[in-house]
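We just call them A, B and C in the order they show up, numbering each chain from 1.
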Amino acid sequence: MTALLRTEAITKAYGGVQALSGATVAVEEGTVAGLIGPNGSGKTTLFNVITGYARPDAGQVLFRDRAITGYAPDKVFAAGIGRTFQLTRIFPRLTVIENMLIAAQSRDRPKNLLAGFGRGAWTQHRRHAQELLAFAGIERHAEVLAGSLSYGQRKLLELAYVLVADPAVLLLDEPAGGVNPTLINHIADRIRLLNAQQGKTFLLVEHNMEFVMGLCSTITVLESGADVVSGPPEIVRTDKRVLDAYLGTDVDEEEEDAQ
Amino acid sequence: MAREITQAIVDGILVGGVYALMAVGLTLIFGVLDIINVAQGVLVILGAYLSYSLFTKAHIDPFLGLLVTVPAMFALGVVIHWAFIRRLRGTERTSMTLLVTYAVGLIIEGILFKVYGASTVQLTTSYTNSSVHVLGFYIGWIYIWGFVLAVALVVALYALLYRTKFGRSVRATMQDETAARLVGIDVNRVAALTFGIGVAVTAAGGMVYGATNAFNANSGYDLISRLLSIIILGGMGSVGGALGASVLMLTLESVVTVWQPTWAVAVYYAVLVVVLLYRPTGLFGRQAVRAQ
Amino acid sequence: MSLEAGKKAPAVSAGSAGRGGGLVLLAALAVLFPIIFSNPSVTNYGVLTMIFVTAATGWNIFSGNSGYISLGQAVFYGSGAYAMGIAARDWHIQGTGVFALLPLSGAVGALIAVPFGLVALRVRRHTFIVITLAIFFIFQLMAFNLWFTGGSSGLGSPFLSWSPVSYNRSFYYIALAFAAGSVLVAWAVRRSRFGLQLRAIRDDEERARGLGVKAMRVKLGAFTISGAITAMIGAVWFYYLNQVEPQTGFNPLFDLSLVLMVFLGGYGSVSGPVLGALIIEPLTLWLNTQPAFSGSVSEIVLGAIFLLVVLFLPRGIIPTGGELITKIRTRGKPAVIPATTVGPPSPVSPGRSVSSGGTL
């Protein structure tokens, strides 16, 4: 059985910098997978390539065994892959609920221009949006301008956002970054719930090791733009290559000297 | 016909050098400050009027007069930056500064109208109408001197940018403002001084423009539309691009004028539209246009 | 949740009742204006002000909502004026029949907006401003030089031999109708899905695109609506003054005035442009009648006011005023609930169906 979402040997260079040099990652359906690696290892670039915000120089992105390489972001979104951003990208001058409605409006096309002015379909979208906001835990801020939310609340909004289109796969870019411990647990909780109750597949980029180890069933390690190790947390945690990647080969030499 | 066209090409190149001066200032300002200084056209006219007044009232030769007008315009640029532009922050900064400079330009234009009236003038000295006869073509002396001046100033600008510490700070700020700040560069000072330099070159450009064209306070609009086309064509922020585009556009206009004088100026807009349709970052320009 | 909804409701209805009453009063005043002040020199102010209310609202429908500042609205204004003039001259239309040409001007505006927008809306915002300027200059050039536009002396319109009082009054009501109509359109856009998409584009166009918003279509739609409105009111202006020349129909100060009005009153809001026009236009007209403020000085004053507004009132009177009022009303209460209070986890996860009941 092939993975729900996978990449094959993605390479991508930005000017002189080789961001990705053969990244092959596979995410099985119904799992919560993690993507870790030191800074600059290409994690966000890989996300950008998968979700259409960047074009790879080589390699493929396959979703349900269909190549979606180079698809524009809205097509990727429509195909069923949702994505959050590391630096939250919300619409600051719209209210929280309006933010949700923008994500929702892509789901159906109005029959003609005039219908675009109508309010009918909106009541349905509104209700759905409010449910999702409640799930994320920020429903009481629905009428507030999104720009005045705190960082943590924005992260929750991004989560609610990405759920609007009911995606099969969610790519979360540092969902626990810069957020207080209570909120981290809340987010982890939401992810577990979505995974267990709705079978949603997750791919998380994270630096918070505890978060990743505690949540993910498979972890892939990226280093210098290529995948280095992939496996369950216990294996990855103790793999020498992972330690090398994070701490550099000096650790290796020190150990040899000590012997 | 061939003779006329060749004369037009020669004219175009020479005048292009002069426009390069004004365009380089504009593109420098954009590269460092992310500002589109639409007042640049009016400032050229101000420089022209200043040289004109110095000559007609105090009988100071225009080239010598630059020793006065260039520092004066530099100071004006710094003041404008300090008073109006420095305060603007935020995500829509580029658009807002465009509006602000538009307004500043309008004010200066109004003042010029009030002071000098609506009639056109031209800076005429003993040498502005004499030309040299080379290979059967007439080349006005003023254009030659103007071109030489332009080249000299551009070279000086390059020297400033690439050989001095200040120039290094300018280029650093151009590339990444935050990084420049982190390295200890006083970005505000760099911005103010760069704006001043950008405006100062208009003094020189203005003098030559005033010596070669009849102008009044209204002439700024014509100028700014050409300058904007030039820097967009050459790539906003690219000094070399401004140079190349100036010569190219002026030569093109000059040649088109041989056939169709009325519509020649439309050449700028047409080229602008075509370029932006196919290469939104300009022809020569780098990809350095920052996201607004 | 229900408790909060209860707490919110009375405040909202009291506010909207107040606003509703205010609107009715305003409407009544607007309608009665030329009857109360029948002096033609006063009603002249009214006509031109209403024209600018329309133009400013039209400008805002596109620029205010999308964040793309256009300095080329004069293209539509002048084109609408010229379209009516050319049609009236070539089709020999006289008298009140000329009014029937208004939709033609609107159509011309829309037709120009499409290619104009297709070219201009592909680029970044600051380059967009520059392109609108360039296209403006092209049109001015064409007005001076094309064979059918009457050159630098422009075009005249057929005369209506009415008395000054009824002439101004009629034009006032027409302009008022347009003003009210454009405000209605602005309001409809604001509340609609279309308007929401526009505002999302304003905040983060790339993200909006990534979420499926058809950015070009939306922008072009708003641009066309704005263009059509501006063209029609330009035609009204032309017929009122009986004349258009290249430098009056395509006047660089026109766009700056619009921008000033909208920024002053409140960029992006529906009532902002109205307020801005109500303040700036009468002021400009009055300044022009003062001998000390001959043409060039009004430029200086306009530019100076604009600088002041942009530097000190960046969001305009209405939003800033609105914020002030909200601050006064909610004195002491925190504006946004602090970050630590994240809602209790909902035991039921939201299902695909809307009618999941849930614990809302």
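Just so it is clear, contacts are C-beta pairs under 8 Å (C-beta built on N, C-alpha and C of every residue); 3 or more make two chains touch, one makes a residue touch a chain.
Because the structure is a prediction, the values reported are computed rather than measured.
Asks: Of all the chains, which has the CA centre nearest the overall CA centre?
Replies: Chain closest to the assembly's C-alpha mean: C.
Asks: Of the other chains, whose C-alpha centre is the longest way from the centre of chain A?
Replies: Centroid comparison gives B as the farthest chain from chain A.
Asks: What is the distance in Å between the mean C-alpha positions of chain B and chain C?
Replies: Using C-alpha averages as centres, the distance is 34 Å.
Asks: Counting only Cα atoms for the centres, state how far chain A is from chain B in Å.
Replies: Each chain reduced to its C-alpha mean, chain A and chain B end up 48 Å apart.
Asks: Which whole number of Å gives the spacing of the CA centres of chain A and chain C?
Replies: 41
Asks: Specify, in ascending order, the residues of chain B that touch 2 or more different other chains.
Replies: Not one residue in chain B touches at least two other chains.
Asks: Please output the residue numbers of chain A that touch at least 2 other chains, ranges allowed.
Replies: In chain A, no residue touches two or more other chains.
Asks: So in the complex, the part of chain A that touches chain C is made up of which residues?
Replies: Listed in rising order, the residues of chain A that touch chain C are 51-53, 72-74, 77-78, 89-94, 98, 101-103, 105-106, 110, 113, 116-119, 122, 124, 127-128, 130-132, 134-135, 137-141, 144, 148-153, 156, 163, 166, 180, 182-183, 186, 189-190, 193-194, 197-198.
Asks: Using the touch definition from the top, list the residues of chain B that touch chain C in their complex.
Replies: Of all residues in chain B, those touching chain C are 36, 38, 84, 87-88, 90, 92, 94-96, 98-100, 102-107, 109-111, 113-114, 217, 221, 225, 228-229, 232, 262-263, 265-266, 268-269, 272-273, 276-277, 280, 289, 291-292.
Asks: Give the list of chain C residues in touch with chain B in this complex.
Replies: My answer: residues 67, 69, 71, 119, 122-127, 129-131, 133-135, 137-138, 141, 145, 252-253, 256, 259, 263, 295-300, 302-304, 306-307, 310-311, 314.
Asks: So in the complex, which bits of chain C are touching chain A?
Replies: Residues of chain C touching chain A: 1, 4, 188-189, 191-194, 196-197, 199-200, 202-204, 207-213, 221, 268, 335-340, 342-346, 349-352, 354, 356, 358-360.
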